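The following blocks contain the structures, represented as structure tokens.
In what follows, chain A forms one complex with chain B and a second complex with chain C.
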Partner chain A sequence: MMRFLLPLAAFIVLVGFLAVGLNLKPREVPSPLIGKPAPVFQSQSLHEPERILASKDNLGKVWLLNVWASWCVSCREEHPLLVELAKSGIVPIYGLNYKDKRDLALQWLSQYGDPYTVSVVDPEGRIGIDYGVYGVPETYVIDKNGVIRHKQIGPVTVESLEKKILPLIKELQG
Partner chain B sequence: MIPELGNFALILALLLAVTQGTLPIIGAAHGIHSWIALARPVVQGQFVFLAIAFGCLAYSFVSNDFSVLNVARNSNSELPIQYRIAASWGSHEGSLLLWVFMLSAWSVAVSVFSRHLPDEMVARVLGVMGLVSVGFILFLLVTSNPFDRLFPAALEGSDLNPLLQDPGMVIHPPMLYMGYVGFSVAFAFAIAALISGQMDAAWARWSRPWTTVAWVFLTIGIMLGSWWAYYELGWGGWWFWDPVENASFLPWLVGTALVHSLAVTEKRGSFKSWTVLLAICAFSLSLLGTFLVRSGVLTSVHAFATDPARGVFILAFLVIVIGSSLLLFAWRAPKVGLGGKFDLVSRESMLLANNLLLMVAAGSVLLGTLYPLIMDSLDLGKISVGPPYFEAVFVPLMTPAIFLMGLGPLARWKQASLPELMLRLRWAFGVSVITALLMPFVMGEWKPLVSFGLLLAFWIIATIFVSIRQRLHNSGQGGLFTKLARQSRSYYSMHLAHLGIAIFIIGVTLVNGYETEKDVRMEIGSTVTMGGYTFRFNGASPVSGPNYQAMRGDIDVLRNGEKIRVMQPEKRTYNASGMAMTEPAIDTGLLRDLYVAMGEPLENGAWVVRVYHKPFVDWIWFGCLLMAFGGILAVTDRRYRLKIHSKHVETAAVADGKRVANNNTGLATGGRKA
Partner chain C sequence: MNPVPSFEPLKNSFQQKIFSLRNIFSTKQFILLLALVLLSPLSWAEEALPVAEDPAIEKRMLALSEDLRCLVCQNESLAGSRADFANDLRREIREQLKANKSDQEIIDFLVSRYGDFVLYKPPVKPATYLLWGGPFVFLLTGAGILFFYLKRRRKQIEEPPLTEEQHRHAETLLKENKGNNA
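What follows is the complex of A and B.
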């Protein structure tokens, strides 16, 4: 009887690990950029292509960089939250329009609302590479000295906003 | 409207699955004939509703209904029609629907091709499959409904992942799922046998063809996946030991062990509880694969969008299905008893050793796959386990298995003599050693690992020759062809599948030993030479596909100064997702592949181009095909076809015998009722 129980015992151990594993997030490799200066970029604004924006213009304030695209369905999930956050005026949100087409992106913003102070375009994804973007949406919290303090992978949720992002912004704005 | 119909059909299928999973099993336990008789019609009804549900999903994709979330995420109006259909199983939700649909197709097949089996047995088998189906349909409806709507509807879909827009990807998942799901039949037979306590040669004979068919599908599915990775990913590799690849390889290893163990149980009545355990393991690993892919516990190129609620659901489902089966096993298997005795040197012992090696190999692959998860669970850091581990563990384990593969078919059942075997095989051994030592010189350079790999392959081929010669020698009078025709298909099927392994090993060995790869900067008009071929780059020009823009390179291949073909690799950018894809050009040949992929563009029309010369690489997939053909041949063996004609006589005899047996053990139907 005992040896016939061995497969079951092995399975129980396996289930234990799988259960613990469910609560881990292997995808969230800690970003090496946290605590480092945000990579410098300079690019066209989405709305006014002749206007060039540089990341150093934001020195001295706490800001969010949200990577989005019109082709990204998960972006729609977080979008209402971002619109609300922008209305509250707590923190300016800058958009990084990632590997997108200008007309589609503008149409998308007019349909769902535009929470962004400014959106800069990154049609080739070059800025994305500097920031280590590997999925859209991603959101970075950047402090007054231009240092990345937090990176949210995947859509911003009510929970992540209330528990992590907003308290961090308050602290940084000090 | 159509998506709601699909949803409704899915709910009806769930209700039928609940009926299928309960009444027939209870009916079989208490001898209620009307409940037992319910099994077949309910199975067929469930199939009809799942077919409707699947049809509704496919329709939503074909008609570009972007008000369905699943369609909006995985399709696009520019997507060609064949990929829109394939997109119905490209997502997590859709592929699960395909999974249950196939489960129900297998159940219908069992209900149709089981007329010769006792009704109670069929009721139990279909009942177990019904319970599995309940779990999966619930999972669909509760956590991953493919018919969820999106309000407001999207204007355009975000497109199917470009990696999946490929003919190979259209058929790879269905094949693989047919294999995974097919093991549910062997599993259901095993559970039915544990419940009824009846486990004999007849039981093994029933489950054997089902297991073989599932194994064939899985083999083809894995082969297609590997081939797809080779020509689509653009790095020329064919196997990456990625967690999801491993998830399909694990049931294959255990399934291979099961196919062999069933042979022993059928022929000799031995290994019964071992066979049952393997049947449970094979299907459990199929389920575990589903869990690993969809719960997000591991990172993989294949991973679907993950959601913790899904992970919890599948884990609970795994615990119920696998836990209760193993519990049932621990409770009932000790009573199964041992089969025929056998000596230390016999065909049985060699098959058992092979089985153990396959299981240990499966165990080490499983360990390597889960190791990152285990380390992370114990808070020992994030690590990843790569090909070096798997190769270091897998090859040494398979070496003795392949050696035994040559010996086994020549050894006698029950008792064999080692000196006699050695005497019979000395030529085979000598020939394979000499050929393996000399062959690498033909290829241009002697390498120990190549020689070793070839030794294994030639050993298999040589022992197949010895076995057939001996078999013909012992099969009476007649000419060569009469004698050849006299052998059973199952005999040839075994050798064909083994030959497939040999061909596979030759392919792997030679491509690993002699492939050449060059990453070169090519100006317009410049050339690069490799393996006797000269590649001349004529520049790249823009082309546009239905839903992508591409730069197409134009490369002439020259041999001895003569142009033999033009290769046109592409670098594509898909419109909707903006994803870049490398579409290599491959010139396939019996002895080598030429493989060209576009890298990055440089100034003045120059490009970085990757050129590979891959000797014998197609033998890898050809070997897999031979294994699959072997399996198909085995299923068409005479004894399965004959059974259909003489089924009435046999059914009566088996059923009578079974009832007596059951009464004696007092375990089932009549016994319990009395």
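What follows is the complex of A and C.
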């Protein structure tokens, strides 16, 4: 009896490990910045190059930082959702225009709509490095004290909005 | 209806091709050509690196980025990746080296942004005890199983004691043997 049960048990354990392994998302590397103060940045506004925007301007409110670029295909996927979220007025969305060209970025916004309160430019990806950005789009939820509370890797989806981002914003604003 | 081609014409055309090659190249030329073809990969084996202003810094940067993972193409090191992201991080490392930062400071800078995942060699801490200790646990478990298995097997193959009759038989055999030797 033991002769068959032991290999069977070992096999079931192995299948269990494989099943868990298959459902892991190696692309989504947990950010060590969650719970830490959002890195300080200071850069030009996309629309008004002479205007300098700084992260500390947002202290005292809950805000989203959305990393986007006109060359980013998945950004198009999440864009309608962001436009809708901006219209609802629940939370201000700040754009980080990552490694992009100004004219292309502006053209992209006029084509697909502009959900951003303002967009900050990061032409060389330096702010991106500070925020641990390794892919576009990425979205950060930042609280009133300027602490990063959540990072969405990849496009924002209806599911991630309803299950995670919106409840978190509500809680932080509360 | 097309006639079904037989095997013969094919063979002939193959022979003809070989023959025509012989006509074009002499044996010497052919060997030279073969050598050129075989050696040519060596000429492009070394990939062109961006020209660095300071070779010492470039060397340190490469040594450092060899042990760092590119998060975009996760099975490549920062040194080996052609991703734009890896390029940016290499630039960052280069700049920090120029600013006289130590290797450890740069590693800490990257870990604070991207987590331990950037390191190919994860640090020993509670979350990674299983990772570091796991192989030894498996080794000890395996050694234990082997030990008990061998012990049990020895018991199984233990010889049964000889009966009175077998004893006598063995003794006579031994005596006989002694007699022969003497």
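Everything below uses one rule, namely that the second predicted complex is superposed on the first by the 156 of 174 C-alpha atoms of A that agree within 3 Å, B and C clash if a C-alpha of one lies under 4 Å from a C-alpha of the other, contacts with A are read in each partner's own complex, and residues count from 1 in each chain.
In the analysis below, a contact is a pair of C-beta atoms (placed from the backbone, for glycine too) under 8 Å apart; a residue touches a chain by one contact, two chains touch by 3 or more.
Because the structure is a prediction, the values reported are computed rather than measured.
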{"item": "If touched residues of chain A are counted for chain B and for chain C, the larger one", "value": "B"}
{"item": "First (chain B), second (chain C), both or neither touched by A:K144", "value": "neither"}
{"item": "First, second, both or neither for A:L8, with chain B first and chain C second", "value": "first"}
{"item": "Touching partner for A:K61 - first (chain B), second (chain C), both, neither", "value": "neither"}
{"item": "Partner chain in contact with A:G125 - chain B first, chain C second, else both or neither", "value": "both"}
{"item": "Contacts of A:K164 with chain B and chain C, given as first, second, both or neither", "value": "neither"}
{"item": "First, second, both or neither for A:K99, with chain B first and chain C second", "value": "both"}
{"item": "Partner chain in contact with A:H47 - chain B first, chain C second, else both or neither", "value": "neither"}
{"item": "Touching both chain B and chain C, residues of chain A", "value": "26-27, 29, 99, 125"}
{"item": "Of all residues in chain A, those that touch chain B in their complex", "value": "1, 4-5, 7-8, 11-12, 14-15, 17-27, 29, 69, 71-73, 99-100, 107, 125"}
{"item": "Contact set on chain A toward chain C in their complex", "value": "26-27, 29-33, 99, 124-126, 128-132, 134-135"}
{"item": "Interfacial residue positions of chain B with respect to chain A in the complex", "value": "69, 72-73, 154-155, 158-159, 273, 277, 280-281, 284, 291, 295-299, 308, 311-312, 315, 318-319, 322-323, 326-327, 329-330, 333-334, 370, 372-374, 376-377, 382, 576-578"}
{"item": "Residues of chain C touching chain A in the complex", "value": "71-72, 74, 84-85, 88-89, 92, 111-117"}
